[in-house]
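I've put the structures underneath this note.
What follows is a pair of complexes built around subunit A, which joins subunit B in one and subunit C in the other.
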Partner chain A sequence: MAGEKEKRAINRLESMRPLRAKVNETYLKSVEAMQAGKPAVWGMLNFYYGDPVLKAMDIEVVYPENYGAIAAATGVAQQYLDRANADGFPTHLCGYSLTTLGYASRMMKELKGQIPPEAPLGGMPKPLFLMSSAAICDARYKWFQSLGRYMDAPVWTLEAPTPGVKEFFIEGYYDRMVDLGVKHLSSFVTFVEDMVGRKMDWDKLDKTANLMIEINRVWHEVNELRKVKPCPMHSRDFWSAMPAALFLAGDLEDSLGLYQDMYKEVKGRVDSGTGAIPEEKYRLVFAELPPWHSLSFFDKLAERGWNFVIESFGYRPPIPIDLSKVSDPLERITRFNLQFFAGYYEDARKQNVLGGAFAYPYLKYAREWKCDGALLHPLISCRSASTHLPYVSNMLMEKLKVPSLSIEGDIVDLRLFNPQDALARAEPFEETMEHYRKMRKQEGLDW
Partner chain B sequence: MTKVALIDKSSNLISTVKGPTGPEHRQLANEVMRQALEKVSLQIDDISCIVATGYGRVNVPFADRQITELSCHARGVFSIFPNVRTAIDIGGQDAKCMKIDNGRLISFVMNDKCAAGTGRFLEVTAATLGVKLEDMGDISLKATKRIQISNLCTIFAQQEVVALLSHGERLEDIVAGLHNALASRIAALAQRLGIEPDLVLTGGGAKNTGMVRAVKESLGRELLVPEEPLLTGALGAAILAGETYMKAVAASGAFSAKPRRLEKATFFGREHR
Partner chain C sequence: MSDKKRGLSKAREIYLNRSQRVRELKAAGKRIMGYPCAYVPLEMITALDLVPYRTCGDMKEPVTEADRALPSSFCPIMRTCLDCALKGKNDFLDGMVTIHSCDPQEKTARVWESYTDYPYFHFIDMPVTVRPEALEYFEGQLNDFKKTLEAFSGKKLSTGTLEAAIESHNRQRTLVRELYELTKPSPPLVSGTEIVQVVKALMSLPVAEGNELLADIMSEVQTRTDGPERKAARLLIWGSTLDNTDIMQVFEAKANVVMDESCGGIRAYRAEVRRSPDPIEGLADYYLNEITCARSFRQAILGETRKRYARDLQSRFGYLKGIIKEWNINGAIMLLVRYCDPFAFEMPSLKDYFDGLGIPNTYIEYDYTAGALAPLRTRVEAFLETIS
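Take a look at the complex of A and B:
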């Protein structure tokens, strides 16, 4: 009806909006820092390891991975992808890397260091240095090395040994990992001090580490609330709200307050029985990285009654751990970082699921969030976010009778994702979910 | 292809029609339905319930229900082979593998966005070889040598075929190699789903004797093939239409069908020329 507000398929959280705005704030501040002659750094998703160090040093950080997603979501990625291809990078490289390599090429080769005028959110300024990470995959640090060459800036790669489940429990292994992590982080602090010509304020680092841990604890609790039926918060809100916890985007004290606000809003929905979509017919887990350019795809699925109740292990806060007795902030940070990877290991070992950090969490998610199905999004351009997915699919079926729908696509490259084709597969998948709902009941599972 | 299957109250197939699918689905659906009715001297109002399926299912204005092709295939195959547990459908646009339990679709996988796992692969390469698509299967059975087509991409496979011809390889061996390449992709898809017997092959691919041989060899399993493999989806749609009708009648004494207008459908509210 004319004049009536269009009803949206997903009932978005109001408390998500200021958290989403943290991303814009981050880019704005980095450009302001550059204009004021202060340092800005390009950082890689490093799972709570190098970020608190930069935060405590008052260095503005932008994240090319995040920027790749933004470029995709705002529709400007294509020209950067084309530019990267023109520079000789093959199309099957990671979409984030291609986008930002194209961006770097345009900025440095064409615009002599000026931010491209079409760049969304004000763009990423030329960095003083780049903070890379060995976590997740080798392609990531090779990408930053290339970016470093375009930018003529040094690159520090954070070490991130990620053990398998079995290896993790070898006697003394964990302690040695902590020792290595602390030593390495200490070297990183020295590197940053040299780069910016200032000394670390250790009290500030201590406070920053505590804030980071507390933010992620509250964020974890928010997500625990999503176990109820109907689920009060959709994955789209998770992805929108995560940067302040995952990248430490924005002011940390402010972010903590915003996540607490979100907890209150989600709890309110739980108490009132309000779901994130009007009629929750199916509860789904999503793995791994979403198609940022086509998030409205999830609205179409919401119209069919698909509620995405849990998602993306790689973006989730670590399972809370008490680190209050660890006095050294570097050790506290290191242990928190290790908790991200190994927080599920004890549980995984008990379940005899040795797939480790990437696969096991989905078993936990599907079971505890009572999912009817899994939507898997293998990425043509990313091994790390894809190779565990067949294992996840088999595990969910064997252990929980939860079926999976696999839809190939890409995080950035629109050409590699076909929403119409994906939607055509969604409809018959409902029949599959219905079937396995009955099967689970027959097998004594309670959802 | 656009197909129509009409069944009677006892689910006996009484009329079928196949017509090429063009860009104007709605007009063609109208025409093939008219032909199917004409064959058995029926009027559109004589039809109790109509289910449309396939990619163009939303473009059948006189259909009462739209049901996905996967569900219809599963039901159609089951009506022919009641012990079916796995079905592979090789179509021109996609290839799909279905797990079926008592006529119901319980799981499925489809090829990705690439033409290499579909009938299009043979169609494109047949054109390159100057061979009719319908002759490809028989030609492949005359192979005397196993040639590996290494390119998964349809476009690169075309180039590879040209290169093989220029190296003096026999047409029969190349065609067999193309069938094996397609079959191995489809076999990988089916194995991802997990194959349980009875295994049925349907779709245009199942009309190709060379393809049936190649899939059988790739999977190392026996295959059942319906007499008319192109019609299983339409047959399933007809059976589901019958069930829909009976269910409605049992529940409320009547089925509320859409107004039956079998006139030429139009796009954008007027005749599209």
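Take a look at the complex of A and C:
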């Protein structure tokens, strides 16, 4: 019965299901390929920068950050955490990094390179090389560097320029970011070629880049449709559908078709006035990593009329940018990657929000998607997903009179997020949202 | 401050009342530029006749104001730095220069800029690799910094004045290295605690005054008869920031700290800016390549396609080998500030490196509060017992 009720609480998109199935199928296929000896790379989420290169070279990529979530959800993470701590890694480090370090320790030191039998979903095989990234947090390149203790896998660290909001507008600044990006990516291509002993197929890279950009444009348009009331698509569908666009999981042509189908379905809902939940009383923005293991928590909130209409800056497609006249695929990829952050800068400067790409997007989301509240989810062992949240909360209140509810969780210690407690805190927050609705009206804000 | 005081006692006085001199300078019409990290190119600030002042935190002051914008599980050094700023302890600053040396610095910079209203605020982005294209980008960043600083100061930064400033700062680096030469004898002629005071004084003074102070200190220390006592352990401390004498005294109660490889010790002085036709190029090279902090991603061979752990360790920590030998170090402490990711990830590898050299070592974590000193003392004593 509970299951039936959950289904009704959120009206999930039909078009999300084949997209999700494709991603899962691709994952299993790549596990099989890797088990059969196809070289694999361990990668960090890098926002459309290194991934298209690997995709065009037909290299299988596994993402230990994601694998950390799987290990946590299946209950095997603890032994890896313990092992990493025993090896001397401090306990306060990112939980996913400790999981991977413990996993690598077990695989390389104890099992002489064999995948640990307890590893869920076929495990992660020893990588040919590691692709780390400087984007978002320090852990994401220091962690891969630390893996050198366990495996002699070369590391490539992808640069990720992070300008200040004012500084970005200094003459020539953006061009220099592009210049860095293109040169860096070009060296990365040479590195990958040397590693796999094959040359890049530039036509394929060109096509891959275009598909990546188009998929993300359509995906962006899908999310724009969510501005209407009632919002036709819930955050749960966003999270389920995003890996194909964010990680380029699966065949890109297939993905493009599936996102187009999703656009049609969501547009249909807009036209017919169908919402993602039966009665939309409150529209909310969610930041940042969701409690993957407790997503049914959102169904409970849906029953109370909470619709999550926009979410997680770190997973969103860049604001579209016309790159059709950029002939060099490396430059096109670079500009697209830079757009992930830089797409927000012009507006952030106008609004004088100096908090940069981590804070400004939430103001934009709350204003344009007309949110009544923000649900913030700081994570004990992922500081990068948490650090900016107090600032975001202050800005939302100061500039838009949008209140925030902060509910703590963690990426590996799943007990920290207690859905019952969270629900108990949600109820009084409704009064707060009501109160600020009135305040916004008084201040001349239109929602 | 009293003019009668000289040398080490003057350094101690400045350490205890850091902002007094810059307040005097401010009253005399100088403009003061704050910076939170060893990566900010001070030479450019000096060359434009501005006074660089490192904005530090206060271990004894409970963090309250910074709680408004930073979570509690966040680099305590940055939290206390910001806290002091928000409490108006740096109210004499005319501007602030921040840099992307690590993620917490970047995040703190955003908040700092948003919650204060100095006439000038600049953020320098810094790449994480030491690759040629990264160096080029960083040079561009320093040229941007130059432009905004020129606009703020109303002066042009000429090659000549920048070169002169580089020379003064290089002189300071040389003098600090010479001071560290005086920790080589046993017992050392100067203690780790005194060096913390000296380095912090240098971060509170215009470079020329700092150099004068150092010259004074050198002649005092070389001939002193009241130096530190000889202790059985000669320690190397490795960490992010060790800028407080209370912490240093925990180590020095039963050991001589002869090398402090941190931002409160030799890190910003170990190398120097090389002469280059374009001085900004020289600065970019020094700050990106020469300062050895865990925040940078280093490799034995750029873009290497074969990897060996031993070689990797050498490229990351090789600079410590000579220090250990020359300073006759018999114990190393890796001092970690909680929630500092760049340094925390280094710990096991650095341990491997020290083990490879046969140097007893330990890793100690604390949270940069006065309350952390007692447990720190227990850990240090336990370690010292193992090496005695």
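Quick note on the criterion: the second predicted complex is superposed on the first by the 396 of 447 C-alpha atoms of A that agree within 3 Å, B and C clash if a C-alpha of one lies under 4 Å from a C-alpha of the other, contacts with A are read in each partner's own complex, and residues count from 1 in each chain.
Here, a residue touches a chain if its C-beta (ideal position, glycine included) is under 8 Å from a C-beta of that chain, and two chains touch if they have at least 3 such contacts.
The structure displayed is predicted, hence computed values, not measured ones.
When the two complexes are overlaid on their common chain A, residue A:P390 makes contact with subunit B and with subunit C alike. By the document's definition of touching, of the two partners only subunit C reaches A:T157; subunit B does not.
When the two structures are aligned on the shared chain, A:S296 is found in touch with neither subunit B nor subunit C. Looking at the superposed arrangement, the partner reaching more residues of subunit A, out of subunit B and subunit C, is C. Of the two partner chains placed around the shared chain by superposition, subunit C is the only one that A:M195 touches, whereas subunit B remains out of contact. Of the two partner chains placed by the overlay, only subunit B lies in contact with A:H435; subunit C stays clear of it. Of the two partner chains, subunit B is the only one touched by A:E427; subunit C is not.
When the shared chain is aligned, subunit C comes close enough to touch A:S187, but subunit B does not. In the superposition on the C-alpha atoms of chain A, the part of subunit A touched by subunit B in one complex and by subunit C in the other spans residues 390. Residues 67-71, 73-74, 100, 102-104, 106-107, 109-111, 113-114, 121-125, 127-129, 131, 133-134, 136-137, 140, 144, 147-148, 294-295, 297, 299, 303-309, 312, 336, 338-339, 341-342, 344-349, 351-352, 363, 365 of subunit C are the ones that touch subunit A when the two sit in their complex. Listed in rising order, the residues of subunit B touching subunit A in the complex are 55, 68, 70-71, 101, 104-110, 112-113, 192.
Remark: subunit A residues 87-90, 92-94, 97, 129, 132, 134, 136-139, 141-143, 145-146, 148-149, 152-157, 159, 161-164, 166-167, 170, 172-173, 176-177, 179-180, 183-184, 187, 190-191, 194-195, 353-356, 358-359, 378, 380, 383-384, 386-391, 394 touch subunit C in the complex. Interface of subunit A with subunit B (complex): residues 390, 403, 406, 408, 416, 418, 421, 424-425, 427-429, 431-432, 435-436.
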